[in-house]
Every structure is written in C-alpha cells, then in structure tokens.
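Multiple structures follow.
One chain, subunit A, links the two complexes that follow: it is found with subunit B in the first and with subunit C in the second.
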Partner chain A sequence: MFKDRFDCLSAAALLLVVAALAALLVTARPSDGRQSNGTPDRRVEQEMLAQARVAFLERHYGPVATLRDRGELQSALLKLEELDRNFPGEAHGSLLRGDILYRMGLVDRAVSSLAVAVRGNGDYLDPASPLNQRDLIAVAAEQGIPLLRDRLRGQPDDRQTAATLKDAYYLKSRLAGGCE
Partner chain B sequence: MNFLATRYLLLAAVGLALLIGCDRRPPAGPTLRIGYMNCNSAEETLQRFAPLTRYLSEQVGVPFEAVPVDTQDFEQRFAAGEFTFTHTNSLLYIILKHDHDLQLLATEKRGQFGPRTAGAIVVRRDSPIKSLQELRGKRMIFGPQMAPTGYMAQYDLMLKAGLDPERDLGFSTIPQGSFKHEKLIYGVYLGAYDAAAAPVLDLETMTREGKIAADDFRILAQSEIIPYCTFGAARSADPALVEKFRKALLGLTPETTVEIGGERRKVLGSAWVDGFEPLQDRDYDPVRAMAKRTNMPPYQVY
Partner chain C sequence: MSLPRLDRHFWTVVGAGFAMGLFGVLLAVWGNPENSGICVSCFMENSAGALGLHANPRLQYLRPELIGFVLGAAFCAVIGREFRSRGGSAPLARLAAGVFLIVGCAVFIGCPIKLFLRITAGDLAAGAGVIGLLAGIWLGLKGLAHGVDLGRSQVERGGTGWLVPAGALLLLLFLVIPPPFVAFSERGSAAQHAPWLLSLGVGLLLGALAQRSRFCVTGSVRDTLLMGTRTPLIWGLGAFVLAAVGVNLATGQFHLALYGQPGAHLEHLWSFLGMFLVGWLSILVGGCPFRQLVKAGEGDADAALVVVGMLIGGGLVQSWGIAATAAGVPLVGKAAVLAGLAFVLGATLLFRLRTAQP
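What follows is the complex of A and B.
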C-alpha cells in the first residue's frame, strides 16, 4: 500500500484534511444573517426590502406628500401624473391619489384609487407597517358605501358606481381581515 | 340521408352562420346625425369619434353620421333640427337643456376626476404673482368663451375674488385657431403672458404626455369640479332609440372595438375617453350657478 515515504506523507496529509473537515462540521454554527441550511435569513431580507421600499417611496413620492400637506392638491395630482410615467402601476401613486381625491371631497374616486392601492400592496392595511394607512382607508370606505348605495338605487344600470361600491366593500373586508 | 350529404349540410350551415356573424355593414335606413362639438379642430373631432359613431350605429341599429360643429354655432344648428344627438361641453348642455329641453344621456369620463373636471388659473412657478389680487394690470390669456373650464370657471374665480376680468387686467386675449388650450398653457410657459385660464384636464394630459412638468406652473386658484363633456338627445327623438343609445354608451368598455377603414380600433381609446357615467341633471347645477354669476348663456342679461 505504502511503497515509499512520499505515499506515507500523502496519506498523512489526507487524514489531516479529513479530520479538519470533520472537526469543522461538528463545531461550525450558522453565522449571523444565514440560516443553518445555508440560505439567507428571509426575515433579514424582508426587513431590508421593506426599508429600501420606504426609502424609495420617500425619495420619489415625498414631493407629492409635501404638496398635499401644503394644501396644493391639484399640483400634487399633476406631480402624480408625472410619476406615473416613470412608475406605472405603482401602488403608492394610487394610495396618494386616493388620499388627495378624498381631501377634495371626491369620495367615490378616492375609494377606487385606494382599492387599487390595497390590491397592489397590503402593507397599507398593516398596523405594524410604516406604510399603514388604515384610518384613511376606513373613513373613505365608511363614507363611500352609503353614498354609492344611494346613487345605485337611483341609477341601477350605472356600472361605474356598481364597480366602485364593490371596491368599497373590498376595502371594508380587507380592513376586517381574514378568519382568526 | 347518407353521411356525405349530412356533412355538406353541416358545412353549409356553419358557413352561413359565419357569414351572418361577420356581417358588420352599417345598418340600413335613414341616417341620423350626431353633432360633435369641435374640441381642437373639425378634422381631429371626426377622427376621434368615427369609431364611436360606427359602434353606436352597430349597437343601436341605425346609421349615424358624425358632424363636427363649432361651439358658437351649436345652438343655432341644433335648433334648426340638424342633429338628433349631441356631444357638447357642460355649458352647451345646460344651454340646450334650458332653451330646447335636451335630454341628458351620459357624461364622458376622462382624467383624474372621472366625469368631472375643473378650471385653474396658472402662472409660471417662478412668477412673482402669488395671488389673484396680484393679477391686476397683468397680461392674461383665456380659452374660448364657451369653454366651461377654460373661460367661465376662471372668470367666475376672478369675480369671486373681487376682480373684474374686463376692467382689472392690463390685457387679455383668446388664442386663435386649433389647440387653444395647449396654446395658452405654452403662452404662459414661454413668458408671453403672465397668467392663463387653463383647463385642469389639459394640464393633466400635457403633464402625462411629458409636454410640461408639474413643477413648471403654480396654480393660483382652482374652480369647483363640474361635469365634463356630455351626450344629449333631442326631445323629439324616438324614446326607444334614445334608450338604446344611452345603454350602448354605458355598455362601452376599454376593450370594445369596431372595424373601420380596414382596421380594428378601440372605441374609447380612439375617442380619448375612459368611459361614460349616467350623471343626473342636478349634477349640472354648479355649471348653472357659474353661468348666472358670470352672466353667460342661457342666463345672459344685457
């Protein structure tokens, strides 16, 4: 088996490597940010994504919120039109549009926009999320339902109002949450 | 009947059904006219509304013809019986309702406020003018006189602020030719005028198209939100026909298409419309109040 000294040295080195590997396997622990199966910790990943999303929204949609808070509602809507070109379908645009339309007294239009926002991102209903907008969504849905029901009684073939009423019920259902 | 004969009979039946199904020729019978108020130009109006007119012909079962009409001529031509159906702005609707008992059918949806829109007075973002009061002695450009959100709404805003647009402005004008609303927005943007009477919908559209930026302008004042363009029917029209027309409008979806000029085109997309809503006549009361305050038709007093 061992024909010369070189074979002995090779065997000894091989044994040393195997022993070192065994020791490593026995003593190794998952490092921070990694699970024992070697995949990244999803909680850390999700937290990073959430923080990045909030920073992204603040950077791009912050000027809209500033205009809204200054009472320049129409300018805020125009800014949203501009942002829609760069980020079409972004739920935060729909959320802000719903908020502004609600402040303008257009409850039905606000309900439609808020429903689009919530369908795009459920965080707006999560009390633990920095994006939480439950109060706004609740008040818009509560005010919208009787208004839309009355309108639909007067115009039963008004498909737009029927669709918006469904949106208001959808928001109410999402606010209530699922089975617990 | 043998197998071969049955097969031929089935093929013939399928062929006939396909032929009937594909027959999209305009319905026969006397042609009815729809008067479309010109927006930017007669040519553009015809192009925009050709697919909608074809769709209405197919749905209502009556051949319709689209007629572009100058805003200023609309009432006279309607009174002469030139059109059975009308497509006008909200001011013309209340005039035709008041003077000729026009029936309200449906209101067009377009932009952020759906079937409603507003008028705004804008200045450049870097303008020293910060309030309506500071418009005294300044140069201002308005939209056409019969434009509810390009003229009347802004006139009303100025009256409410204690300004008489005809006496207190240094200079005021209305642009000529087509695309008046865009012209007046560019007029302020390029510095030819200090302020403009801009329809909010045009600001929205131009921002969406990238022609202007939201930060280019400051909105000095904005009117209340009033109904947008409106379909109406003459009181003399057949009620069953009117109901079919109304249902056809309300039944439109963004996916509805018609074949026209060898092309299949989206009806709403071609007309730049998001859909139609059945507003009530009382929803137009704010337009009536504005027309009264600004001494506009149908309440004009000399």
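What follows is the complex of A and C.
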C-alpha cells in the first residue's frame, strides 16, 4: 500500500488529522463552540419552547379554565370566543371548548372540537406532557362513537354527523397510538 | 403446489422471516410505537429529525434498529466474504427513488414491513396498501420484462462500500454520546422506543439474517409472482406473518377493525397509491427500503444512495407536510405521490433497453 514517499506523507498526514480531531473532541468543554452565536443546545431550546408554551396557555386561557371549574360554562364559552379573535387557530381554545361542551352534555360537538385540538397539538394525548387531556378525549370518543353511529343510521344523508363520526374515529386512532 | 428444496438456505429464509415477525411485534411491546416495532420509513423520519433535517419536535430519535440493520449486514457480509464495494448504476435516479420511496410510505403511514405488521395486528385499513403493493410490484415486473433496467453496478476501487458502515458507526456514537446538534423527542411517537441496546441487538440480528437470506417483503412478492411457491422467500414471508399474528394474539395487540387503528387513516385510494409507488420503485431499485439498508451494509453504493435519498425524504415529508396522519392525507402528500408516479414512469421510459426492430 505504501509504495513511495507520497504515500507515506499522505498516511502520516491522515494520522495527524485524526489525532487532532480526537484531541479536539476529548479536550473540548461542553460550552465550546456555542458561545460565539449564543445558540443554545437544540434539546434545551425545545424544552424552553415547550415550557414557554405552557406558561403562555396558562396566562391567557387560565381565566377560561377558572370559569369552567366554577361551573360558569356559558361565560367560559364567551371568554373563549374573545380569545379566539386574539389567537385564531390556537389548539388550546378548541381543547377547552371540547371540554366545556362535553360538560354541557353536547358530546357530538365536543368530539369535533377535541379533534381540532388534537390535530393542532398532539401533546393533548401524551401522558408525559403537562397538557395531557387523554382521559377527557378517550371518554368523549368512547361515548361519541355509538351515539353518532346510531344517529347516522337514522339519518344516513346527514353529512355533519358523518363528519363528526370521522372525527371520533380519528380520536380513537390517535388514542390507539402508533406513528404520527 | 410445488415446494422449494428444504435446504439450509430455505431454513435461513424462514428463520429470517420468523425473526422479523417475532421482533417486529415484540419491539412494539418493549416500547416502540404501536404496530411500528419495525418501520424503516418511520425510523428514517425519526432519524432525519434527530439530525436536524426537519423540525417536528415529536419525531426526533436516532433509531438504533436502522444502525443495527446496516452493521449486522456488514458484519455478516464480511464473515461470509460477500462484502464488495460496488456501485455506479444511475446514482441520481436511485437517490430520487429513495426520496419517493419515503413519500409513498409516508402517505400510506409505513413501509412494507409495517404494512404486514399492521395487517397482522388486525388493521383492515392497511388492506388497500397490500393491494397497492402487489399491483406496484406486478407493474414493476412488467417493466423489467420489457427491458426497464437502471443498469448493473460495477466493482468500485477505494473501498467506498465502507462509507455506509462507517456512517452507521458514527450515528451509533451520536446515539450513545449525543452531540448538541442531535435532538431526541421527549413527547410524541419518537419518544416511544424500546431500550436502545435491545433495539440495536434486534437490528444487528435482523440485518445479519437478512444479509444471509436475502429476505425482503417486496422481494418475496416479486419472486412469488415469478416462480410461484418454489421460491423460499414466500415461505419466509409466511413465517413472518405467522409469527407476527401469533405474537400479536399472545400479547393482546390484535384488534380486528377498520376504524380507530393506531397510525392509520381511512383514505384508501391514497393508501393504495402510496404502496403502489413503493412496490413499483422497489422493483426498479432492487428491493424494499429494508433491503436497501442491508445491501448498503454489504458495500453496495447504489443501495447507499437510495438510503441517503430515504434520509432526505424522511426530512422532506415532515418539512413539506407530505406525511399523512390519522386525520388523512394532506394535499401536498397527494401531489407528492403523483409526482413519484410521474418519476417512476419517466424512469421507465428513459431507462428502457430497447431491442432493435428488424
């Protein structure tokens, strides 16, 4: 393999570069290379984002949860409508609406709202997440499916019910797990 | 019904199929997502996310099974003196094929191995995918019969075949000592995983068995269409199905239903087309996504380019919103499958060896 001086020089240079790389990695401190641009570790960044999100939701949607817990469900829905104008498309609004509608006995509408929430943020089904609402979603889907199936049997052309049943199956599928 | 010779090769194939079915279910019992004990496309998406190729924080994990498949195949190929650096056949076409393989899988939600894991767990929504895969393989074979061929690989100088096992070792190092740029999900399906040493061990075993036996799902269907029950591969697939059904039943993971299945949607046409694309491409590039990993481990640079394409695809399907979810297939996903079919049809026209007319 090493037939002439050029080969020997190339091999020696290779060894030198590999040794330099190894020395660099062994002697590096965890903070090296991250001070220059101030960018934190990707994992730290993700954790900060997740915690910031929870704090944001508590700050803005906390009053809705308080009204809901006091049993003032209509007022909670009105407050949610106000928040929807400020944060359109925020999944947490759909989650709280689903919760409130379920407490009001409107299971079908609760299922639709919960499906929108889960599509927007899968954390609501994650037992490890502080946003976990798995029990609520499971019970709504469980009660919703037979109810909606019966209703669809009576009115096979009811597109709204068919769409809500699809939402309930979606929730059931997400509750069953698997890849996302 | 004619039977293959019941020789050592036959039993190696049956053993490989059985082990894949067994561990495909057990890995889900040990912590991987439901029905996804082994899913090369899901694992590619997870690994692409971990390496920063997409930003979905719920799909980031360097799956040790993928590393194991490559290293197990490499180790076995070296021991069996079958490791050869080879390549040079239509590299860019193979790279693009790798991307579209993941597109098809992402729209169906699973690779051909997961397709059978889903079916054997009672997921009837995967039925359209089975028909699609069979149709794609059948059409791919028609193409082969009419001279469609990406070309033969050549032996390469310089030991380029070692780059893939070396890359797998580097990823293993990233898994054990994660550098700051590698991210692992703490929520979502990527946070669901079996203990990494167990996953790696299973990956090594399956990679080694697949290297010895040449077992692969699309290869089994292809050979059956060509040779009927004389091919050992169909018996390997049968062993896979039997083992998976048995373990699913024994562990309470068998739920026969169309609705509410884990990681499944109800857009059957797109499930069909997604797997149709995967079946057709697999014939064109010579094996399913799993087989590409095994061949890459044997020193095949052509398969390695498909694997690189799959990794890029794993990033793109998440970044561009191509991947289907339980909610259904997004518009971009449907467009990407059609683009994939256009690609494979274009390749069929451009790579066809036409015999001169008299």
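Definition applied: the second predicted complex is superposed on the first by the 143 of 180 C-alpha atoms of A that agree within 3 Å, B and C clash if a C-alpha of one lies under 4 Å from a C-alpha of the other, contacts with A are read in each partner's own complex, and residues count from 1 in each chain.
What we mean here is this: a residue touches a chain if its C-beta (ideal position, glycine included) is under 8 Å from a C-beta of that chain, and two chains touch if they have at least 3 such contacts.
None of the values given here were measured: they were computed from a predicted structure.
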Check: On subunit A, do subunit B and subunit C fit together or clash when superposed?
Finding: fit
Notebook entry, point to check: Who does A:66 touch here: subunit B (first), subunit C (second), both, or neither?
Noted result: neither
Check: First (subunit B), second (subunit C), both or neither: which does A:177 touch?
Finding: second
Check: Where does A:51 make contact in the superposed view: on subunit B (first), on subunit C (second), on both, or on neither?
Finding: neither
Check: Given the touch rule stated above, what does A:101 touch, subunit B (first), subunit C (second), both, or neither?
Finding: first
Note to self: So in the superposed three-chain picture, is A:154 touching just subunit B, just subunit C, both, or none of them (first/second/both/neither)?
What the structure shows: first
Item checked: After superposition on chain A, the shortest CA separation from subunit B to subunit C (Å) -> 17
Item checked: Footprint overlap on subunit A, where subunit B in one structure and subunit C in the other make contact -> none
Checklist line | Touch list for subunit B against partner subunit A, complex | finding: 109, 112-114, 116, 118, 120, 200, 203-204, 207-208, 210, 213-215, 217-219, 222, 225, 247, 250-251, 275, 277-278, 280
Checklist line | Residue numbers on subunit A that touch subunit B, as the complex places them | finding: 72, 74-75, 77-79, 81-82, 84-85, 97, 101, 104, 106, 108-109, 154-155, 157-161
Checklist line | subunit C residues within the subunit A interface of the complex | finding: 33-36, 39, 42, 52, 57-59, 109-110, 180-184, 186-189, 191-192, 255, 259-266, 325-327
Notebook entry, point to check: If you look only at subunit A, which of its residues touch subunit C in the complex?
Noted result: 30, 34, 41-43, 46-47, 49-50, 115, 119, 122-123, 126, 128-129, 166, 169-170, 172-180
